[in-house]
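In the two assemblies presented below, subunit A is common to both, partnered first by subunit B and then by subunit C.
Up next is the complex of A and B:
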């Protein structure tokens, strides 16, 4: 304690008298504001200002490739166009297909893996590490190597499918077929992010106290009954958390889909973020794409609110 | 000290719980309307539904528990 006082005295002694006088006159609240001001300024500069600027641009006809053109206020015209455009609606449906199927598969497989890993079999630590490997990779790396795996001539994926089905490996193209490409991106995302869902479910399973199962044993409840009446209800907040988090992430998925298919063939795998990129940086409709970005932002912000609420519920357990 | 019936009625009206559930339902409905493949008209009104839910959520999160 005396060491601390000594340090504080030395710091006070080193403070110029003019500065010390100025600080002495400030209230605790003012000093607190001085400390948090840099963070607030940084937040305003990199988060709030771009958001307000995007809202402003969404109400104009601005094009980033024609910065000197006359700027016209168009009101909610872009929003009306986006929300009545069947092509963008189709992009939303591609996003929905991707989001729904990845969530369903990741939740089912993730929970099953968590339940198996929780059995604590011999070498379960090693297998947990092996299962967690895909989520540690960069989406860019994953996109590139799955592109090789999906190659119809040399890709391992086609050979494995042909081994089980007897079909010729080169007779189908996962990334080039209109029917298969949406499933190709679902498979890659499921492969990569199921371990994450498994981790959350594992945390849920390990949070269930043993005495509840022991009480159920005393009541002669079957394993099936214990699973449906104890395991699932007590894990549900954790499963909801995983579903919401993956939902938000996949709703704005860009990098992996862009690397794998680039939105093709045609626009079969053109998810919302790829449509946004095309509008903003290929067609240079900055105002229009800003409006689209705001629509996506409001949706993600809404889901994030629910996510935080679910997180607090889990924390309070 | 007991609260007046009017005050406790107002207090009960502005409890966070039910309003937060209503806001969550609005957001969920908006997201479903945005992603559904059945009716263009639902897609058209999805953004405004989500926006109402989000604004409502931000306001009601300041209500007392």
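Up next is the complex of A and C:
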């Protein structure tokens, strides 16, 4: 910026006074603030102010369906209740099952696909675009039509499974059974988001310069050895990026699961966001759910911090 | 080139066999991944009995009943009543009467779809407008606490929507913004502006500063240089960012289902509520889903070169 000012000043010095003002115009500092302020103000109004309000509500017994009831300050009671509540821990367990399995499946399948696409066969660009389609769709709409595929008697999914295994298509319910429902949501998420991991892994594979493989070739390193000592380590920052982002997104997953199972049967697929929605918008325990929201937010904020560090690491490559 | 293809096992140039095997596997995956999409598309053209038949029908007689049901509401009538009606007006009238029903009015699908369009475009315009200014500010000027501000902007996008929805619900109730398009536009703008700033900053960083400096030496003010030099150079980036914002706003469900119920409801919370007699009207759902997804297909194809950049907030470029 000082260099810019210098140029501006020099230009201003060389031009007649009437033009000099135009060269400088508004000072750079004021332009910077005029440009950035509206965004910051909007975010303060729609994100930060509500967040502070949530913190306040989390310390009270407020209920949104009874706005006129007497407001009582309860301190950290809600937080203590949440951390000792078995239902909340059950929800955290469902969330963990969902997050861990989707990440494992998506990373393995996504990396394999990326590695295959990187063989650069004819038409790989076209097929990549086709594979990417699911991740661009609305998770809610996806959840809704997978519900159709999962219908026990008429659904295509059950039919295909029974075609290959010989089991009766009406003998299992993907969404209705306590054992299968957690896997039903993992399958849909994997179908939808594997392309995301694939795309980032592909960028990682393509960032590895050819000369490293050429050098390995000269040293007679086997393909297997090259894969484990060059490909995997050099892709790792990219894989980490994908894993972190999927982790954050799936930790707060709501739309797809809400439409597929709505948390059921019972509460077997009740991931954290669904619990939060039930507490806040069905039971109207606003204070309690605010406290839970803050706990979730702090977790996501911590993960986001790590994510940004990973982003910057990839960026410097 | 010739020398290279002679070393068949070179990893740099994969061998012909490995390329063939890879292409077969990728194409198989692509077909498997398309089955659900194909199925919902096909269901849109089935009759209700065909859509729930066992075994599932792959070959069927196409019908427009799903699309008719999507856009209309119907009431059941006696066959005598239908017999004394005049000749059917149009194809929808005909298929409805075949089920001993008459069209009673239009459904809510069209208004919900239009809401989606208005809210998506409104919020996209606002977020790109705010985003391009903030991105320019961050890209070109020394801003105190720049990295912290950028992290703050990104972190707002990471917030769980349900957690944000609780206070927004209360705030909108106080301000009279519940179930209004303006409220949804503002909310989606706040979510999208973070992506817009990060993406556009990357695009603007790539425009050499020398262009503006040269323009300013020629007598342009900083603002003129921004408008006449930087903005035209950033057109591709702005377009790609806009499409990403559009897709997000188009697909969003959590805020929409919690904060809207009628006037401002968008298509995603509406589609799952399409029911016919005795359960979900799957052909109508298929039709509604197909129409809803077509814009996304087009956008994805337009965006394919910038997809990677968009999904990593501008960090990974190639």
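Annotations for the structure displayed:
What we mean here is this: the second predicted complex is superposed on the first by the 280 of 317 C-alpha atoms of A that agree within 3 Å, B and C clash if a C-alpha of one lies under 4 Å from a C-alpha of the other, contacts with A are read in each partner's own complex, and residues count from 1 in each chain.
Just so it is clear, a contact is a pair of C-beta atoms (placed from the backbone, for glycine too) under 8 Å apart; a residue touches a chain by one contact, two chains touch by 3 or more.
Note that the structure is a prediction, hence the values are computed from the model and not measured.
Legend: residue contacts after superposition of the two complexes on their common chain; A:93 is shown touching subunit B, with no touch to subunit C. Look at A:196: by the touch rule set out above, it reaches subunit C but stays clear of subunit B.
Shared-chain residue A:220: touches no atom of subunit B or subunit C. Touching more residues of subunit A than its counterpart among subunit B and subunit C is C. In the superposition on chain A, A:301 makes contact with both subunit B and subunit C.
Using the contact criterion defined above for the overlaid structures, shared-chain residue A:84 touches subunit B, although it does not reach subunit C.
According to the touch criterion, the shared surface of subunit A, contacted by subunit B in one complex and subunit C in the other, consists of residues 301, 303, 305. Only residues 7, 9-12, 14, 18-20, 22-23, 25-27, 29-30, 33-37, 39-40, 43, 51-56, 130-131, 133-134, 136-138, 140-143, 149, 151-156, 158-171, 186-187, 189-190, 193-194, 197, 209, 213, 216-217, 219, 221-224, 247, 250-254, 257-258, 268-269, 271-272, 280, 282, 285-286, 289, 292-293, 296-297, 299-301, 304, 307-308, 311-313, 315-316, 318 of subunit C touch subunit A when the two sit together in their complex. Note for the complex: subunit B touches subunit A at residues 20, 23-24, 27-28, 30-31, 34-37, 40, 43-47, 50-51, 53-54, 57-58, 61.
Contacts from subunit A toward subunit B in the complex involve residues 79, 83-84, 86, 89, 92-93, 95-96, 99-100, 295, 298-299, 301-303, 305-306, 309.
Partner subunit C is touched in their complex by these residues of subunit A: 1, 4, 7-8, 11, 15, 19, 22-26, 28-29, 31-36, 38-40, 42-43, 45-51, 53-54, 57, 64, 113, 116-117, 119-124, 127, 129-141, 144-146, 148-149, 151, 153-156, 159, 169, 191, 195-196, 199-200, 202-203, 206-207, 210, 213-214, 216-217, 223, 226, 238, 241, 245, 248, 251-252, 254-255, 258-259, 272-273, 276-277, 280-281, 286, 289-290, 293-294, 296-297, 300-301, 303-305, 307-308, 311-312, 314-315.
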